[in-house]
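Consider the two complexes below, in which chain A is the common component and chain B and chain C are the respective partners.
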Partner chain A sequence: MREGRLLRAIAAPWTRLTRVQSLLWARKWGTLVGFAALVIFFSLLRPSVFPTVQNWSNIIEQVATLAIVSVMVTAVMVTGDFDLSVGALASLAGVVAVDLMANHGVPVVPAILIALLVGVVGGAMNGLLVAYGGLSAFVATLATMTAYGGAALLYTDGATLFSGIPEGFRWLGQGDVAGIPTPVIVMLVVVFLAWLLMEHTVFGRRLYAIGGNAEASYLAGIAVQRLRLAAFVLSGLGAALSGVILASRLFSAHPQAGNPFMLGAAAAVFLGATAFREGEPHVLGTVLGVLIMGVLGNGLNILGINSYIQSILTGVIIVLAVLISSLSRRR
Partner chain B sequence: MVDEKPLLVMQDIVKQYSGVLAVNHASLSLLPGEVHGLVGGNGAGKSTLIKIMAGVVRPDHGQILLDGARLDLRDGSGAYRHGLSFIHQELNLVPYLSGAENIFLGRPYPKTRFGTIDWQVLNRRADEIMRGLGMRIRVDVPVGRLSRGEQAMISLGRAFVGDARIIVMDEPTAALTDEEIRSLFRVIRALKARGRTVLYVSHRLGEIFEICDRVTVMRDGSVVGSYPIGGLSQSEMIRLMIGRSLGEGMPSARNRSGRVFFRAEALAGGPVQGVSFDLREGEILGLAGLVGAGRSEVLHLLYGSIRPKGGRMWMDDKLFAPRSPAEAIRAGLAMVPEERHRQGLVLNRSVLHNITLPALDRFTRRTCFVNRAAEHVAGQKLAQRVQLKAASLDQRVNQLSGGNQQKVVFARWLHAPPRMLLLDEPTRGVDVAARFEIYRIIRELAATGVGIVLVSSDLPELLSLADRLIVLREGRQLAELPTAGMSQETLLHYCYGEVPRA
Partner chain C sequence: MRIGLRLPFSTLAAAAALLAACAAPPPAAAPGAPKKTIAVVTPYMANETTKYVIDRFKKEAEAKGWQVTVTDTAGDFNLLVSRIKDAVTQKVDAIVLGMGDPAQMTQGLEAARQANIPVFGIDAGNAPGVLVNVTSDNASLGKLSAETLAKAIGERGSVIMFTHDPHPGVRARAVAAAETFAAYPNIKVIEKKHIEVPGPVDNARKITEDLLTAYPDNGAIAGIWAGWDEPALGAVQAALAAGRAEIRVVGVDGTDFAKAEIAKKGPFIASVAQDFDAMAAKTAELIEAYFNGKKPESEAILIPGKLVTAENAK
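Here is the complex of A and B:
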């Protein structure tokens, strides 16, 4: 009797929440709660391995390259477009950078800059096709993904480049500044700049407006096509930067090394779009998405679960996150 | 010959859209074997009533009786099963599919023994239907390859699949040539001879008089009445369609002797052909005409959002040829577009973000960072100026009423008043209180010297706001008139394409 009353008293604030309110709550915080649950789950199962400083720096170093490409792809997805070509472009940039250094005697810094330029040009090509050629982003970047991937293979004749790379190239992917790995520093800088750009500049606000309603934005005087093009350029630049860092980490350039970035980045942005805001991609959400995937991969590794199951679980988690957020939005 | 017991009755139908009554206690009955006209001005509620009859829109109140039994329509195909058939204003064809497939879309296709589609039978039946309409149109090619008129006939053919007892035609002749209209009328007469009922909706009053037995007149969502066609003249019909007296509290401050700062000559593009006018500072120029007359397109030609096919414009005696809204805005133009949700607002963003959308670069620190404090202050001021009723500037704009949403669109252009404001149906779907506040804003802007071009289907609004009118019909400029002393009736006569005798 008494216990019953006590129980009801404890439950009262929760039972008073209507279905709508709880859906709204789930929409806003569900993804973060899911992330926390994941962390707690792995910490309980492997308390001596998972929640350690060593392991977390591992995770963050692991996800640095994916984070860089993902936050830049976010710009494209904010406008309502899509970029499938980032993986192939990352591979191509890595191959170009390494080949210039190893086989053509180009110093490290100019070689990296040229590789980044490849990303900019590749992204601009996507943007031209989509914004001015009128192709759907999906079709256009599917085509360029295939073409850029082919270019990377052609460039190296399908081989992995690993000889003759100058030692100076090692710092970008394997070095550190005051104990913090260089890729992590680059990631932090890129995330901060992308966040600043998307949330605090006129440019970013206009990208969001285009994603919300392109026609209304156009009639309000926004240069819609030019901004869509710019978003693709950012995405290409991010892809190239990740590709170069990856090549330095591996200290070799494989013509398909960057390809997994495509699915990884898309998954991170979709997961991130379900967090905090209503289905709208945003930089910090994308970072959360990247972390979820990083933690999932790392945790399952520690538990000794093979990577095929990891893929299945990643798929399930994306579906769940998007489903919850779209169910709560249906009203 | 005509049985007096009604075949279909719509009883006391009410439908609201976000607080605005689209249909207000309307009733309509159709007799077997009659051709029944349905007329009314733009926005009188005809289309909504038909959508309710088709089961596409659910009424808030009222019922439909077929043969005296209550009809419950869950979706569009339900109406088809009860022998109702619809020809919509928009053709609604799938361009990649053949004429035969389009005609049978959503209906059971003839099947072979193996359960696959029997294409031969399908094509033959479609061909029979088209020939029954007196048409020789190939039904086995994708409709995308047919001419616009042929497509219209295919969509007509759709209504004749099965044996519909009631055929509803919503502006069926909009895309037809004279000859095609003749054959449509032959078909309608043949249907009538077979005892079928036709509900014929049209802006073209001449057609109503030619083909209909009775006519129902709607105005502002209500049915004014149903009349035998013989007892009505065209002028009487127009008078019934207007009815509403000029709204009180709509003073018409007649201007004005501002300087002519803008001229357009022989503008063409889209459906618009050869429209010319000039505009004075502080003047409100009205564009009158029926839906589809090309009024919105004139605004979009001025605004750079439709590519012109001809004509020239001058602003301050300098040639003016905007290639995009951005260029037009830089030259001092602004637009409140017709469809608030599709063209006006970014619905998932806040009130503030929508207000500052075109002028965001005014609130920057060090060239590209948004100064949120300055933005907020400016937004607050503009929201007050249009008397916006919102919980806060951070409220999402889709949570506002139609009237307040429209005020947000107005507010966006008041950062620096434009020189020329293009208004497309500025009070559509806006409640009465907000409507008068919008009139006040429009007048204030005109008083400060802004030249305004106003498109409105609301005749009292057009007559009381505008200083001068241009009447458009099928893309052409029919007349230029002063509004002083003009009655709605005269204006409507112009819109329907006849110049009233003095």
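Here is the complex of A and C:
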């Protein structure tokens, strides 16, 4: 009888699950379960290919650049703002870095630092427009996205920069440390620092407070404007870093190479936000969002699914995730 | 918060004056002169390719003793229409469109038609009012690159195609390439992948990585055909990074970065360049024939491409 009692004890919480509780359960674990379901699904369909070490190192290397932009743009989205300019800024930083080292004899490291500075300045510009100029983040970064994109095209005259790039630049995007690709290491460092900064410091808690209620935060004595500006600077820096890594990975700079980051980062942050009860962006949630997008793209490619259908599926999955999360939050 | 956006009128007036000053002076007509006058109008002189083909055309035309004026409107199609009308007013003998979609210049083309001035397009497009358009034969570009790949893989094996069907030119290349591969009984196209734009190099690189994982055996993928050079570059990088340098890759366009990669004699074996020299020469030839009373036999003259391989890539 002891086994019976044990079984009942184990089953008890499950049998008592009401609809509300199951929704709460879905709320808490749904996104993670969804991710696991994707992994299992692809593993079952292509067991010899998908769940291999080689494929997973592929996936992680592929998402590294997107992860860096996304966790940094999370800082902006935590405060309730939005940054449409990250893709254009990544492109701009990439062409600046490559042009400096290929055409102006600037050594690799200073060239990279200047490119990162471009990201900081671009992000600060966004922050000034939004926090101090009072523009909506959507309008301000829509404008700067266009301007930064134009600057990248103007800078290169629309061309692709590919000749005269010093070999030393290759390490950042194509090198490795003890077999771990450099972009992955950079990603891990950035994710860790961003997680520390946003989840475990006063700075981070204040960003969340602003996102919760900017006016109340202001009345509570939080320097709302300065913090919103800082969030945009982080976002710009992340974009520039990704753009430079991408340029090293492709060993060439295309004036629009980073543009796809914008939609990818937004989708990753939204997907990641569904993994939390309050539905607000978190660094680790964003990483989960990036992984979901990476696994989806990789798995569908391996299954040989038509590219247009891939886009539709990605859209459907984002909508489903956010829908489930908002439905369960309403209870 | 209210956003004040009240530009003083003087600012606008100053901007207008500045724009007017930037606009190129209208082409000078040569009344009574026996020299034929040609007005070249383009919205894209800042584009390297456009500049190249127009310079080539100018050379050809001047060698034939014509007077050529070139007007660039820097992407402004509205201004372009005005410039075409100016040329019509000056009664030039022919107007040449240096690229630019003629569907966006209907008004100007109509003015030219009424004045009986022939309009020749160089890689512009066909529209009412354009007598003839000289452009690359995208089908031949696709066929030539596909045939080069087929030969390079010994006419057998699995091939992946990187396409972008929303672009009519790239689509025409892909259709021709697919037909070419289909003619080889031992070549099989195993995947056709749509490449996202912008970001085609990175996108193609990721897709190639995924496909190399899906087809892990050496030789499982013999070749990759790309509809233009950017995805070919991404495919080459993925193949090299994965140690699958045996895969042969071809692109189309013969861009400088493709040539640099082809010259390394790695997986990127060939690209097909559009032959802008031939396009410029053909346009001049058609204009000369027109002056001699001979109209072009069709409204689209297609110029085949030039193969770029390791031998001539430098």
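List of remarks:
The rule is simple: the second predicted complex is superposed on the first by the 313 of 331 C-alpha atoms of A that agree within 3 Å, B and C clash if a C-alpha of one lies under 4 Å from a C-alpha of the other, contacts with A are read in each partner's own complex, and residues count from 1 in each chain.
Simple rule for what comes next: a residue touches a chain if its C-beta (ideal position, glycine included) is under 8 Å from a C-beta of that chain, and two chains touch if they have at least 3 such contacts.
Treat the numbers as computed from the prediction; the structure is a model and nothing was measured.
When both complexes are overlaid on chain A, chain B and chain C end up sitting side by side without clashing.
Contacts of A:256 after superposition: chain C is touched, whereas chain B is not reached. With both structures placed on the common chain, the touch criterion links A:203 to chain B but leaves chain C unconnected. For chain A, the partner that touches more of its residues is C, with chain B and chain C as the two candidates. Of the two partner chains, chain C is the only one touched by A:302; chain B is not.
In the overlay built on the shared chain, the residue A:278 is in contact with chain B alone; chain C does not reach it.
Look at A:159: by the touch rule set out above, it reaches chain C but stays clear of chain B.
Centred on chain A, the angle reaching out to chain B and chain C in the chain A superposition, using CA centres, is 120 degrees in steps of 10. When both complexes are overlaid on chain A, the residue A:219 reaches chain B alone and has no touch with chain C. Closest CA pair between chain B and chain C after superposition: 12 Å apart.
Touching of chain A by both chain B and chain C, each in its own complex, is seen for no residue at all.
The touching residues of chain B, counted against chain A in their complex, run 303, 305, 324-326, 328-330, 335, 337, 342-349, 353, 357-358, 360-361, 364, 368-370, 412. Contact residues of chain C toward chain A in the complex are 1, 3, 46-48, 191, 193-194, 196, 198-199, 201-203, 205-207, 209-211, 213-214, 216, 230, 233-234, 237, 241, 255-257, 260.
Within the complex formed with chain C, the residues of chain A that make contact are 46, 49, 52, 54-55, 58, 62, 134-135, 157-160, 162-163, 174, 246, 249-252, 254, 256-260, 297-298, 301-302, 304, 306-308. In the complex of the two chains, the chain A residues touching chain B come out as 196, 200-203, 205-206, 208-209, 212-213, 215-223, 278, 280.
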